[in-house]
Structures are given as C-alpha cells and as structure tokens.
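Across the two complexes that follow, subunit A remains constant while its partner is subunit B and subsequently subunit C.
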Partner chain A sequence: MSVFMDLNIISSNDKNRLKSIIETAAHLGYSTVAINYVVEPQQKKQEIPKPQSVSDIFDKFPIVQGKSSPIKVLNRLTIIASDASHFRPTNEYKSFDLVAVYPKTEKLFHAACMTFDVDIICIAVAEKQPFHFKRAPVNGAIDRGVFFETCYAAAIRDTTMRRYTIANAISLMEVCKGKNIIMSSGAERPLELRGPYDIANLGLVFSLSEGDAKAAVSTNCRAVLLHGETRATASGVVYTMKKPKTPQKQEEESPVSKKCMRCSAHSWCPVLTAT
Partner chain B sequence: MEEPSKFERYVYKNASVYHYMKISLVLENGNQNITDAQFKQLIICGLRDLYGEVGASFPFDLLKFDQNELTGILRVYNSGLVKLWSALTLLGSYQNEACAFRVTQVSPFLLALSGNSRELRFGDQLIS
Partner chain C sequence: MSPELEKCPRSLLVCEKSNFLNEKSRHDIHVSKHNFNYKISVLIPDCEALPANISSAFHSFSSYYLVRELPVYQLLEETFIESHVKKGNFYALSYNTKIDEENTIALLSSGQLILSLDKDTYEQLGLEGRPSLYNHKKAMRFVVTLDLTDKSLTPGTKRYQRVLSSLKDRLPLRYDFLLTKYNTGSDEDQTLIKLLSQYSYEEHKPAFSHHTLKNIPCPTLYPSDIQGKTLSCDPHHFLEWLGAVNLDISCENAADSFLSTYVCPEPQSSVSQALLCTVTGFISPENVFVLLQELRQYIDEPKFTPWISLTVHGFMDSPVSWGATEHGFLKGGENLYNFVCFKNQDYWLHMATGAQDGCPP
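Here is the complex of A and B:
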C-alpha cells in the first residue's frame, strides 16, 4: 500500500504556522505534504513566487507517526486561470515539484484536460461549479495521467461551502467514475487537517467505492508525484542529473603526465600527434 | 472402520453488530469544561448539520468519557458508521471556536480499542 500524502497545504509567510501545520500532518500519519503557492495572474505582470527552500522551514523534519522516517515536504504551484494566456509554462514552473491549474471557464477546463502540461486540475469548492463536466475532456485527462483534486478544508469552515464541495465532488465522480481523483486538505491552520482514514471515509460520502476512496489519499497521490517528476524528463525515459564535482588534479602531477605513454623515451610521440 | 469425525465450521462475515470509535476532541484554546452531555450534544449537532433530523436521530452511545483529556468511546450500529464518522470529520467549530475531532481508533470489537499498536514499544534496542 502506498503511503498517505496531503498535497495541498496553503503556504503563508508565517513560518510558525507552516511549521505547526506540518507537525500536525506528521502526527496524523501523512508521509508527504506539498506546500501550495497559489497565483492568480489578474494583473499584467505575472509574478510567479519563488518557492522557499524546504530546509528553511525545519532544521530537522518531524518524524511521521508510525514510521521512523521524517516527513517529506514538496513545493507546488497552482494557477487560477480565467483566461488562456494566464497559463504559460516558463522556466519558473520548473522550480516547483507539482503544477496545478484551477480553470474558471469551460473552454479552459477542456484545454487543461487535453493540452496543458499540468499534474493536477483543481475543482471548485467555494462556489457553484459554473460549468458542467463533460465526459470527453475528463476521459482525455484520465488517459493523459492528469488528476482531479478536491479540497475539504472549505467544508469544515462553512456550511454553505460544505454543500458546494459535496455537490461538485459528486458531479465529478459521476463523470469520471472514481478514477484519477485525489483528495487533499487545502488547510490554512493545523486544526483544519484530518487524518487519512477520515478522508478515505469522506470519499465514501462523495460516492466513491471503498478502494477508490483509499486510493484517493495514497496511490493516486503517489502517481501525481511521479507525473510531476517526469515533467522534467524526456517522456519519462531520459533525465538529467547533476554530476558530482571531480576533485581537481594537483599542479605537480602535470609534468609527469606529459610523458608519452607509448614509449616513455621522449615527451611527444610522433604516432599519437598525427591523429 | 471408524467413522470419520465430523466437523462443523462457522464462518462469521461480520460478527459484531456495532462499531466502536475512540475519539478525542482538540480545541484551539486548550481545555474547557465540557461535560459528557455537552460532548454528546456537540456530536448530535454535527450530525444534524450534515444529515438533518434523520441523521441526528440515529442512535449512538457515548460509552466512556474522560473530561481531562476530552477523549471518549462511541458505539454505533454498522449501518451508521459512515455517517457518524463523516459528521465527526466535517465538524469545525464549537461555540464559535475552532475545534477538531481526532479519530484514534475504529474497530468492530471493543477489546481492540484497549491496545493501540501504534503506541507499542518493544524495547529500546528495537526502536530505530
């Protein structure tokens, strides 16, 4: 079984709050969390925030309850797109481990499912879905390996948003038949987090099957992570790695190496220099 | 020749009618004086917010309650487990104060709640 992950923790400038959220997540049993930087490019200048390095937050990551390894923290970017020009994959996207898009119109939803280079498509939780989900783009996204995400923190905060969350989630499950779904918190405070089995039970309320509900918190999240990693590679087959620096040779050795290796008589070899 | 001894095998698909949940309430501002009646009333309010009057009238029992730790053991019929669990998950506030229910254990058998394998300690040499 795959480990439990929570791929949506809203980032904030308050480091202590982020620390307490991640500590609570580790205590609840999540092995991986992702800090979400939400960007809404309404203005002309599109500022993609640079993700702060995760080692800034913690010197020593808290241990996941029930395991002996520390919690893993990743960076994620979410673009709220109301226009097709808002989503432009630039080099700044490469510094994030996961990229998500939140389409606001039906055309954008179709484009995001079929063509955009994203890992996650977010579903509206705070408002009534302005468009209906059609089977064609949803199936296209499932074939491509893109996942749909539902957040549950809004349902905890407000009763009206609870209705929207459940309604949007149920209509999505109807169309996609429970495939390629992940559920995450979207938490801004540590008290808005819930344990992984609680979320799997919430999946049952959203009319998922039991296996699909548990996969939404574990297996599908792992698939999203792998999809994010392959974005930096060529079709997931070839990838670049930073080569470790080789130690420089010392200065005294260079005259020695100049000696010809074939016939250690003279310093240059007539045979080798011809090539 | 001896007659072969007969065996009868009973297979229980679901032996227990109830499910037991060990839960604890975490408040934002630390501990407050919550009696067991208020605790149960809070859970019923959560059920009513999510599932209405029909959901709120589903019978469940608070078997044990520790006022200092705000932990308790609930008992509910199998058919009502999903509803009760989801109502506890989505409950967000108590008297305009943020709170959270942490579900520690769920089991169809009460005996299983007495030992928590997550808190098991074998001995110092086995802890990595």
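Here is the complex of A and C:
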C-alpha cells in the first residue's frame, strides 16, 4: 500500500482556514493533500484561477502524525462542465498538478470517460444522479487510467445528501466493480475531515471490498498523481525539463520536443498501465 | 445490506497449555522468537504490594537507544557486524515508520536485516526481494531479506559490495532507529556508544508503572480446561476481560451505563486487590524471559494467588511478528502473546495476531 492522500480540499481565499484544514489533515495521518480550485464556466467566459504557490501557505509544513516527514500539498483544478465547450485544455491547465471534470450530462460523461484529458471524473454527491452509469464509458475510462471520485463531506453536512452520496456511490461500484475509485473529502472546514482508516471503512458501506476500500485512499490516489505527472509528458516516456542554458541552445531544443508532443497518444501509455 | 459489511477482518488466536518443567515445552522458543516487544503487562490477583524480586526484574531491563537519521548502510558496516550482529541479542527497528504506508527496516537477533519497502523504493534500490504476502491486486510492497551472518554477505564479497553501494550511493535510506542490546558485559556498550556518537541519539529506560486495583471480579481458571468448556471461561472472553482491566474499563455492566458492556466472564470470584504492572519501551525478548522466570518463582511460593498473567504486545508497525513471519497492518496490527502461570508450573500460552499476519508458531 502507499501513503494516504486526500485529493480534494476546497480552496478558499481565507488563508488561515486553509492552514487549519491542512494541519488537521496532517494530524489525521494524510501524507499528501490537493487543494481544489473549482471552476464553473458560465456562458463563454473561462477564467481559470492561477493556483496559489504552495510555499505561500506555510513556511514550514506540518509533520504527518506518526511519521517524520512533512505533508505534501498539491494543486488541482475541477471544471464543472454542463457543455462540451466548457472543457478546453489550455496552457493554464498545465500549472495544476491534477485536472478533474464534473460532467453534468450523460453525453459529457461519455466524452469525459473516452476522450477528455483529465485525471479524475467526479461523481455527483449532492443530488440524485441525473443519468445512469453505462458499462461502456466506465470501462473505457478504466482502460485509459482515469479515476472516479466520490466525496464524503456532503454526507457529513446533511442527511439527504448522505442518502444521495451512498446511492450514487453504490450504483457506480456496481458498474466499475471497485476499480479505479478514489475517495476524498471535499472539505471546506477542518471538522469535515475524517481519518484514512475511517474512510476505508466508509468504502465498505459503498460495497467495496476491504482491500479495494483501503486502496481507494492510498494506492489509487498514488496512481492518479502519476497520471497527472505524465499528462505533461509524451506517452509518459519522454518529458521536457527547463534547463538554465543560453537562449541559442534553447531554440535548438524546442523543435525536438515539438515532435514528441505531436506523436503523444492518449490511448495507450506503457507507464500508466504498468502503475 | 451488502455482505461485505457483515464480515470483519480475520484474527487468529492460538492457545497452548503445558508445563514449564516439561522438556518438550516450547515457551522459551516462543518468547525468544518474538523479536520486537513494545509493552509488557503483568496482572497478579490477590497481591497487596509489588514483590521485591519482580520489581528488581523490571528495573533490570536493559535500556534502549533512539538514534535520529541513521543511514541504513551503517548496519552493514564491517565493525558493526563483528561487534554487535554476530554476537546476537541485538535488535533494531525503524521508528515512526508505518508498515502499510512506507518503508520499514528491522534487524533481528538472528542477524537478518529485513527491509519492507514500497514499490518505488524497491525499484530504485535494486536489491533482490520478493513481493509481500499481503498485496492486494497490484504488488505495492516488497520485502528484501539480507542475512548478515551468511557467507555470501561477508565484507569483501561482490554481493556485499553491491548491497553496500545500493544503500550508500544509489538510494541512501536514513531513518530514526530504536536499538537495544541485551548484554551481560559493559564493554560492549562502549563500542555501540562510540558508533552512535556520530549521530544524535538518546538513551531511554523502559517506563515502568504499577497500581493496585481494589475489589475486582476475576475469572476462575483451571489449568486443565484451556478451552473453557466446563471449568474455566472461553479464551476469547478471558483475553477481552484482561484487556478491559489493563485499560481501566469498568466491567460491571451496570444497567444505566452506556459506556461499557464488558463483563467479567463466568465462573468468577471477587478479589479484594490485584496488582497491575506495565512497562513500555523497546524491550528485548531476553528481558521478558528473565521476568517470566521471576514470576514462576513467585507463584511457586505458598500464596493465595491462583494464577498470574503476563501479556506481551508487539509493535504494530514491525515488519515481522514471530521469527521472520511477515506482519502487515490492515485495520489493526496487533501481535501479542499472553502467559497464564499456575501453581506447580503449569501454564497456558495464548498467541494472537490480526488480519495480515501468519499463524503464530
């Protein structure tokens, strides 16, 4: 198993609140968290926020309870898409470590599973699932290495949402058979976080097996992070790094990397399927 | 309701009964094989004050060292192997590392160095190992076992060089370690301290505490009936009651109390006072054996005490439980054993483990 991660902590402008959430997460035993910037593009205007640099939040990151290393903090972007034009991968997406999409219609869900360049597809928790999950797009997403995410903070806030969360999660598990699932908090306050073993037990309520439930908080999250890293590479095999060189040499190198980007495929990647 | 919700992670309980004087009795093997002990608790019913010989046994426990940022290749250094590992009775365990999340290192007294590594570390380090027994669908944990007393790993051979260079140059692993050595002489301590002085370390003595419990019900146990069919109680209930007593949980099961519904198992008798001692730290099995001898001597003397219980808890995050049997952490990582000593040297031994553990010997 790998370290425990919580990949959905809603970002806020209040720095102190963010600090206290991350401290609580470190105290509960999470080794990695991801701050989620949620964007709902209205009409045609797309304003992707720039992620706050992680070192701005803390000078010294809190130490994870029971270990000697500090907590790792990443940035994540979630697009709430109700139209195909809402999701357009631009350069601004590259500044985030993880990209997620929350499809609102069946057509978008199918497109997200099969073609969109995302790491995570979010499942509705606050409302009844408007469409049923079909086996074909879900299996297509599993083959591509895309993960489905269930958040549990809504279940803590309200009893009606608790029913929707559990019902939607169970119907997803029936289709995907417990593969490629991650569970995360979606917490806006420190009190909405729960410990990793408790979330693994919650996975049992969602009809996951014990091993699958524990993997949903650890191993699968690690796979999502690796998938996010390889999004910036060519087939996960070749990646470009900025080297501090003279400007002449940089121009020579860019045509080579352009060739690699052109042949990068989204369908099959040796690294992704291996992990 | 999903069928998964009705299942609990499995646990194992092995119960043995024998006599200490029986030559085939394996109590010494069981004690010595359980390498890493965190907590020992002793319960003596019908006892007023701490007996002197038991108190001196507790205070004679060897001290342990907590070293910060010790590189793992240091455990392979020639002088270290000669002066400590080959002589035996040396134990080391990485501190503040979780067995189900990250890498854990352990050095057993038999000279085996066990590295329980996650997938990334294993692939980067490049040493030969095998996948863990408790992997789920994908192999995420690997175990590398190096026998430091083996001929192929004597300093100077190619394999030794390769292992040393992997741990020193390819992927220098550094962890906080707990070290202890059961020594009979004091000069060996000096070489260890000289080695440790290169790093920041602290010496600790195991923390000892005791108190007397008044008017508690104790189960009546008969040495012949370990299964609890006719005369004594069921071993599960007995161990549950013992845990409740250790944690100071009330076993009265009063009608208006919602906190605890634990009860003392039948048949029971009320005892006016009982002595409970606990010691926590990084305790070597030899110390446990010395304590066991003292307890056997105590119960041999004519007393009211019908039985004495000695419980030893292992570390939840150690990579091995008994010998080199792999140990994992699913929802809990308990691996403990419990001796119940009776008069005329009869004893019961219960060995309990959690879900991801091999069957105790």
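Assume the second predicted complex is superposed on the first by the 242 of 275 C-alpha atoms of A that agree within 3 Å, B and C clash if a C-alpha of one lies under 4 Å from a C-alpha of the other, contacts with A are read in each partner's own complex, and residues count from 1 in each chain.
Heads up, the rule we're going with is that a residue touches a chain if its C-beta (ideal position, glycine included) is under 8 Å from a C-beta of that chain, and two chains touch if they have at least 3 such contacts.
Keep in mind the model is a prediction, meaning the values are calculated, not measured.
Chemist: Mind working out whether A:162 is in touch with subunit B, subunit C, both or neither, as first, second, both or neither?
Modeler: first
Chemist: Scan A:199 for contacts with subunit B and subunit C and give back first, second, both or neither.
Modeler: Only subunit B is touched by A:199; subunit C is not.
Chemist: Would you sort A:191 into first (subunit B), second (subunit C), both or neither based on which partner it touches?
Modeler: first
Chemist: Counting only touches as set out at the top, which of subunit B and subunit C does A:68 meet: first, second, both, neither?
Modeler: both
Chemist: On the A-aligned overlay, A:4 touches which partner chain: subunit B = first, subunit C = second, or both, or neither?
Modeler: second
Chemist: Would you check which partner chain A:76 touches, where first means subunit B only, second means subunit C only, and both and neither mean what they say?
Modeler: A:76: touches no partner chain.
Chemist: Could you look at A:31 and tell me whether it touches subunit B, subunit C, both or neither (first, second, both, neither)?
Modeler: Second partner only, subunit C.
Chemist: Classify the contacts of A:211 with the two partner chains as first (subunit B alone), second (subunit C alone), both, or neither.
Modeler: second
Chemist: Common interface residues of subunit A with subunit B and subunit C?
Modeler: Common to the two interfaces on subunit A: residues 66, 68, 197, 201, 204-205.
Chemist: Of all residues in subunit A, which touch subunit B in the complex?
Modeler: 28, 65-66, 68, 152, 155-157, 159, 162, 189, 191-195, 197-199, 201-202, 204-205
Chemist: Which residues of subunit A touch subunit C in the complex?
Modeler: 1-4, 31, 66-68, 197, 200-201, 204-205, 207-212, 214-215, 218-219
Chemist: Can you check the complex and tell me which residues of subunit C touch subunit A?
Modeler: Interface residues on the subunit C side: 2, 4-5, 7, 9, 96-98, 100-102, 118-119, 136-138, 140-141, 175-176, 330-331.
Chemist: For a test of understanding, state which residues of subunit B touch subunit A in their complex under the given definition.
Modeler: 26, 28, 49-50, 82, 85-86, 88-92, 98-100, 102-103, 106, 118, 127-128
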